[in-house]
Amino acid sequence: MSLSRYALRRLLFGAVQVLAVVTAVFLMVHALPGDAAVALAGDDPDPDRVEVIRRALGLDRPVLERFGEWLWGLARLDFGASVVSGRPVADTLVAALGPTVVLAVLTLVLLVPLAVAAGVAGALREGGPLDRALTSVTVGLHSIPEFALAIVLVAVFGVGLGWLPPTAVGVDVLAEPAVLVLPLVVLLARPLCSISRLVRAGMLDALASDYVRHARRLGVPPGRVRFAHALPNALAPAVQQVARTTDWLLGGVIVVEAVFVIPGLGTVLVDAVAARDLPVVQGLAVVFAVTTIAVNLLADLVAFRLAPRAAA
Amino acid sequence: MTVVRVEGLRAEARGRPLVDGVDLAVEAGRVLAVVGESGSGKTTTGMAVLGEAAPGVTVTGTVTVTGRVGFVPQHPAAALNPVRRLRKVFRELGPPEAVAAALRRARVDPDLLDRYPHQLSGGQQQRVVLAQVLVGDPAVIVADEPTTGQDAITRAEVVAELAEVVNQGVALILLTHDLDVVRALADDVLVLRAGRVVEAGPADDVLTVPRDPYTRALIDAQPRLTTPDAADSAPPLLRVAGLTARHRAAHVLHGVDLAVGAGECLAVVGRSGSGKTTLGRCLAGLHETYDGDVLLDGQPLPRSLRKRDRVAVARVQYVFQDARASFDPHRTVVEQVARTGVRLRGMTAAAARESALERLAEVGVDAAKAERAPSGLSGGELQRCALVRALLAQPDVLVCDEITSGLDTLTQAGLLDLLAGLTCAVVLISHDMGVVARLADRVAVLHAGRLVEHGPAHAVLAAPTHPVTTGLLGHTTIEEASK
Amino acid sequence: MRRVRPAAVLMVAVPLLLALVGPWLVPAEQARTAPFLPDGLLGTDFVGRDTWYQVLDGGRSVVLVALAATALAYAVGVPWGVTAATARLRIVDEVLMRPLDLLLAVPSLLLLIVLATVAGPGVAVLVGIVALIAFPDVARIARAAALEIGGRPALEAMRMQGESWWRTSVVYMGRSMARPLAADAGVRLTSSLYLVASASFLGVGVPPDAADWAVMVDRNRTGLFLQPWAVVVPAVLIIALSVGLNLLFDRALRKEPR
Amino acid sequence: GCGSGPTGAATTPKAGGRLRAAFAGGGAKEVLDPHLANLFVEAARSKALFDKLADLGPDVAAQPRLAERWEPNADLTRWRITLRQAVFHDGRPVRAADVLSSYARILDPARGFRAKSSLSVIDLANSRAVDDRTVEFALTRPFVEFPNVLAAFGAYIVPEGAEDFSRPVGSGPFAFVSFEPGKSVLLKRNPDYWEGAAHLDELQFVIANEESARVNALLGGQVDYAHDLTPTTARAHASGDRMTVVRSPNSAVQAFAMKLDRAPFDNRDLREAMFLLADRPQLVESTLAGAGQVGNDLYGKGYQYYADDIPQRVRDLDKAKHLIRKAGAEGMTIRLNTSTAAAGMVEAATIFADQAKGSGLTIEVVTGNKDTYWADILKDGVMSSFRSGAMPIETHIAQRLLSTSGTNVTKWARPGFDALYEKAVSTADATARAAVYGDMQRMLHAEGGYLMWGFADWIVGTATTVGGVSTAPANTLDWARFDKVWLG
C-alpha cells in the first residue's frame, strides 16, 4: 500500500474517530449531574430562577436537537457558542491553544534531545555509575507527583531564591519566557524517564546488533557507528512514546496550568466541565481527538521512515 | 605471498579450550576452507583472524596479517542496517571511485543503492555486503557460512561471486560445513574437531582421500546427488486439489495439485519464497486461508487444526524447520514429547513418558538428555526429538519442513537415516537435492507459488524439464561458476 | 550475576510495610488540635490531626488503589488483548481493539474528572477509573505479545499435539507473556500512583481529608513553610515506593542475558 | 501584621501606579455584565466599573451611594430617591431613566439575574422618573428595608439600553481598558468619579484559581494583592516582611443546615441535640485554623440587628445524649451532605462527625458533587454543610427563612415567623423594629435548622507597599474597594 493511500485511509478513519469521541464525550458530560443553569446559579439556586436561566440559555430544548444542531455546525467548521458566556467556542479554544501549544512545543524541543542524550549516554556506559545515576534520577522524577515537584520548585527557585518568576500570572508567556522555565522543568520530568529508557534499551539492542558489528568491522568511525548506524534504530520504539507524550501535552496539562497559572486547554476543560458548558467541552473533545489522530499519524509516518522494513 | 599466518592459536572460555593449537596460512588469491561439525571452533578461528573474540573468550597465539581483513557475516540481511539507504553507508566507507570499483567487483548494480536493504533479494544483499567489504580493499576475506540456508541457485551465485573476488587476488577463508561449496572453491582445507586440527592439506587430497576417520565420516555423510531407481507408485493417500493460498491479500500458491501415496516420500523443492512452507502448513492445518481441497483418503480435511478431530490431527503431523523454536524453553524435552501420546493416542501420562523415552533412546537421545530443558540439547538432538514428537502420533503423513538445513553433514546424516526408515508417507520440504535424491519417491517443484514440475523422482532428477529444476539441481552450476 | 541492591529493597519495603501494618498502629481515639503545630512526632496536619498517624493510616489506600487498579487493568486488558490476538475472525479483533483507540483519544484527565464526578468519590470508583485509563495500553501490549507468541513454532507444535485450549492459550501463553508484561508492570504501577495523586489534586475521587499519602501531599502543601513533614514524609514514601519498584523490576528483567 | 482599619506600610495615600490583583476566576464563563456577576472577581470588577444606588457598610447596613438620599412615604410603599451628580465613563450623566432601565433589565422575567428576587418588591409599572435626578419607586407592599434592595448583590446601574458589555461603560471609579476572558481585565482611573478619583492609575485583575498560585505570585512580586487566602498562609506569612495580611472578620458564616420538613429533624429535640453536640471552638480551631469566631446558630454576627444578647451555646454531651434518647434517635445514622464547593466544608463535616461519636447516633459524611451542590442540598438530604457571605440580616431572612423564600435550605416555614417579618419590615421605628428582629432570632436560636458554628475571617494578602485595604466583611462596600487603595 502506498504511503499516501495509507495516510488517506487513516484520515478517513480519523474523521469517524472524531465523531465517535465527540459523541462519547457528549454522552459522558450529559451524564453529569446538573446542567449549565444549575452550575450558573451557584449558591443562589432558587428553583424559579434556575428554570428561568435554563430557558434563557435554551437548555429547555431537547438535548438531541441541540447536539444535532451542534454537529451540523461542526460540519461547517462552526464550533458554536458557549451556553454560559455566549462567546464563540472557537475564540475560547484559540485563546487557550496558544499557551498550550507554546508549552508543548518547547517541552518537546527540550525533551527529545535531552531524553535521547540521556538514553544514549546510559547505553554507552551500560551498568556504569553514569548509567545508574541517570536511571535513578529519571525514575525518581517520573514518580514524583507533578504538583509536588511544582510546589518544591516554586518554593525554592521562585519564592525562596527569587531567581525565576514563580507563576505566569497576568503575563504573556511569549513576552516573558522566564516564566516558562519552571513549568517546563515540571513537564519534562515524567516523559524524560519513559523516553530516555526506551532510547537506552533500543540503543543497547542496536549496539549489540549484527549491523553495528559489521559497520565497525568495515572501519566506520566509532562516532558514526553510534550516531548514524545505531541511533536511528534506537529511536524507532521511542517515537510512539513521544507521540503519547505530545498527545498528553496537547490534551491539557491541568496540574501545571493550575499551579503556574497558564490558561491553556486544561484550565478551559476543568472550567467548562464545572460549568456544564457542553459546546465548549465538545469543542475541546474535537481538538483533543484531532490532535491525537494527527499526532499518531505523524508518529506512524516517522516510524515508517525510521523502520522502513517493519512498515513494508 | 602469504597474507595470513596463524600460529598456535588457542581460545578458551572460563578455562575450557574452544580452539587449541590451530596453525594456518593463506596466500593471496587462494581459498582456505575451515570445515568441521557444529561447535568445532570454525567461527572462533575466523574471528581470531579478524582480531576479535566473543565476550568471555580469551585468545592467545600469533596472528599475522598483511593488509586488511574483511568479514562477510553469515546472515547478510542482519548485517545491513535496516533504516539506512545503501548509498549513505557506502559514502561513509570510502571515496566514490573506490566504492564504484568495489561495486563493480562484487557485481552490484549501482541503481540498487537508493534502496533499503529489505528491498533487495537475498542474493543481492549478499553481494552488497561483499561490496562493502571490498571498499576497504582487503587482502583477505573471512566468510562465515556464506551459503547456509540458501537454495541451490542462490548458493551458486554466492560461490560465483566469491570465486570472482578470489580471482582478483584476494585471499579467502571460508568457514562452512557445506562440502559442495568447499569442493567448488577451496584450494586448501582445514578440518577442525572440538577445536583441534585433525587434518589439513590441499582440498583435492583431503576431500578425495581423507586420512582422518573423522574427515572421512564428514565426507561420506554428505548425501550425493544420484538418480534414484524407478519405483511403483502407490495409490494416493493424500491429495491436494487446486490449492490457492493467501497471506492476507497476497496469493502465494496458485492452483497446486499434488498426490502422495501411502508410505511414499514426496519431496517438495523450490527456491526460497516459492511457497514450500505455506504448502506444508496447509496440509498440517496450520495455514487456513486457502481455496481448494486437501483430501485424506478422499475425505476433505478441515482447514483448521481446531476443526480437525484428534484422529485427523494425529494422521497428519508436521515437523518444524527450527527445532529449538518449536520447544517450550520452560519444560523438559521428554515432558513435551510425551504429550503427543497423552493427547493423540490416549495413553496415560506414565505410559506416554515410557514410550517417549524409548523412542528418544532409539534416535540417540538418552534419558539423561531427555530430562533436560531444550537449551541443554544441541540443534541436531533437538531436531531428532521434534521428529519423535511427531512420530509418536503414528501419523499416516509426516510433513518435514527443511529439517536438515543448517546442520553439519554428520548430524544431517543421522536424521536422514531416521527418515529413510519411516513407513508412513513423508512430505519432505527441502532445497537440498542431495537429500531429495536420497529419500524421495516423487518430486514436486514449486516456483513462485506454481507447480512447475511433478513426477517420479527418477524422472524429474534425471530429466528436468523446467529451468528452475535445472538450477536447483545445480551441481554443474557450482562447478562451472568456480572454474 | 547482578545482585539485588539492598537500597532498592529498602525503598520498597518501608512504604509497603507502613502501608500494610500502619493502620493497626493507629489509636482509635485521636486528639485534634490546630493545624500545622509542631506537636507529636511529625507535627499536625491541615486539620490539626497528628501527621504521624496519618502517615501510618494513609499508605493503605494509595498502595491498594495503585495495586488494585493495576491488577484490574491487567485482569481485563490481558484477556482482552489475547482474545483480540487469537481471534480467528478479523472482525473480532477490530471490534475489540478499535474502541480502545477511541478511549485513547479522550484525554485521561477528562475521563478522570467526568467519571469521578458521575460516579461520586470512593476508593472503588478511583480504582475503576485508574484501571480504565490504564487498560487500553495493557490490552495493546498483551495483544502484541500474544500475536508474537501465537506465531511461535512452539505454540503451533503444541497444537499439532492436539493440546487443549487451556494448555496452549492459558498456560503456555501466560508463561511466555509474563516477561513482556512484567517489564510493563513497573511503569504501569508508577503511572497508577501518579494518577491517584493527580486525582486528589483535582479534587476528584477521594474525599479531601482522607488519610491518604497522595491527598496529604496535596492538602498539606499550604503549610509547607510551617510544618514541612506533613508534605515531605508522604511524598518521599510515594517516590521511594515507585523508584524502588522500578529498580526491582529492572533487576528482575535484566537477570536473563540478552 | 494584621489589625483593624486601613493597613500598609505607607500610611499616607500616594497617587499613581498599576495595582495587580489576583482573584480566583471562572475561566471562559466570566462576563463583564454586572448583573450577571456571581464570582468574587466579577463582584470586585463590577464595583470598580459601576455603582449601585446603595451599598453595605461595615455593619452590613445599607448606606447611600449613587442615591444621595432616600425618603419613604408614611406607609413605606413609595420611596423617593435623589441621585447624586455622577457621569458615566462616556461623559453622559447618570439619570433617573438609567436607574429605571437598569432595574427593568434586572427584573426582566425572561432572565434569571441574581438581584431579581431582591428587587421584586418594586412595582416598576407604577414607579417613575420625577426628573432627571429623582426616581420614585412604588413598592408592592410596605418595606422599610428598601435600602437593602438598592444595595442588593448585582443591582448595578448601567446606562439606559446597555446590553453589550464587551466594552462596559459605568459610572464607577475605574474605566474599562481591555479584557481577556479567564486571564485578565485592565482598568484605568476615572478622573471624574463623583467620590473623587482613585489613587491608582491603573487596576489589573488577573486570574489565578489556585490559592498557592496567588500566594506565590504575591511573594514573587508578580501581583500586589491576592484575594482569598487560607488561614495557614496567613499564619505562615503574618510575621514575615514579604506580605501584609489583611483579615476581615465575620465575612463568611459556617454552618450545618438541618431540614425541618422531614424526619429526623422535624423533631425539635434532635435539632437541639445537634446544637449541643457541636464543639464550636474546636471546629473554628481546626477548620479555620483559628481565623474566625465561634457562632451562636444565628446569622450576622456583628451586623446591624444581630441579637448578641442571646447566650452563647456550648457543647453539652450529656444533655445531647439525653435529647437523642428522647427523640428516639439512638443508634440512628444521619447522612451529612457536604462537598468541596466551598473551602473547609468537608473538613468541618468530618470533625463534626467525630464530635458526634459517643452521642448515640452516627453521622455519616457524604461528599457530593461540587458543581451542583447548592441546588442539590436545596432539595435532597436531611443535613448539609452550609456557608454564606455577608448580607443584611433582613435579606438573609427574606431569602432563606420565609415560607415563600426561594432558597430555603432548612425548610423553616412558620406562619408566625412570616408574620413577624412582615411586622418588622413595616415598622418605621428603628427600636421597635430591632425588637422584632430580636424575637425572630430567638425563635431561630431555639428551634431553627441552621447550626451556625462559626464565622470565618476573610483573608487578603497584599504587597507591603500597598495601603488603604479595608477590613470590612467580604461583599460589603469597602471589601475589594480599589479606589481607596494606593501603592506606596
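Per-chain numbering from 1; labels A, B, C and D assigned in written order.
By our rule, contacts are C-beta pairs under 8 Å (C-beta built on N, C-alpha and C of every residue); 3 or more make two chains touch, one makes a residue touch a chain.
Composition by chain, UniProt nomenclature: A = ABC transporter permease; B = ABC transporter ATP-binding protein; C = Peptide ABC transporter permease.
These numbers were taken from a predicted model, which means no experiment stands behind them.
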Message = I need the common contact partners of subunit B and subunit D, sorted by label.
response = A, C
Request  = Starting from the Cα centroid of subunit D, hunt down the chain whose centroid lies farthest away.
outcome  = B
Separation of subunit C from subunit D, taking each centre as the mean of its C-alpha atoms, in whole Å = 44
Centre-of-Cα separation between subunit C and subunit B, whole angstrom = 48
Request  = Return the distance between the CA-based centres of subunit A (ABC transporter permease) and subunit D, expressed in whole Å.
outcome  = 40
Inquiry  = What's the distance between the Cα centroids of subunit A (ABC transporter permease) and subunit C, rounded to whole Å?
reply    = 21
Request  = Quick one: which residues in subunit A (ABC transporter permease) touch 2 or more of the other chains?
outcome  = 32-33, 151, 258, 270, 273
Task = Check each residue of subunit D and list the ones that touch at least two other chains.
result = 212, 369-371
Query = Looking at the whole structure, which two-chain pairs count as touching?
reply = A-B, A-C, A-D, B-C, C-D
Key: subunit B-facing residues of subunit A (ABC transporter permease), complex   = 209-215, 217-220, 224, 228-229, 232-233, 236, 305-309, 312
Key: subunit D contact footprint on subunit C (complex, rising order)   = 32-36, 46-48, 117, 120-121, 203, 207-209, 221-223, 225-226
Key: Of all residues in subunit D, those that touch subunit A (ABC transporter permease) in their complex   = 20, 22, 26-31, 38, 109-112, 114, 116-117, 180-184, 204, 206-210, 212-214, 216-217, 219-220, 222-223, 341, 369-372, 374-376, 378, 387-388, 406-407
Key: Residue ranges of subunit C in contact with subunit A (ABC transporter permease) within the complex   = 101-102, 104-111, 113-115, 117-118, 187, 190, 193-194, 197-198, 201-202, 214, 217-218, 221, 224-225, 231, 235, 238-239, 241-243, 246-247, 250, 258
Key: Footprint of subunit B on subunit C - complex, ascending   = 88, 152-154, 156-164, 172, 175
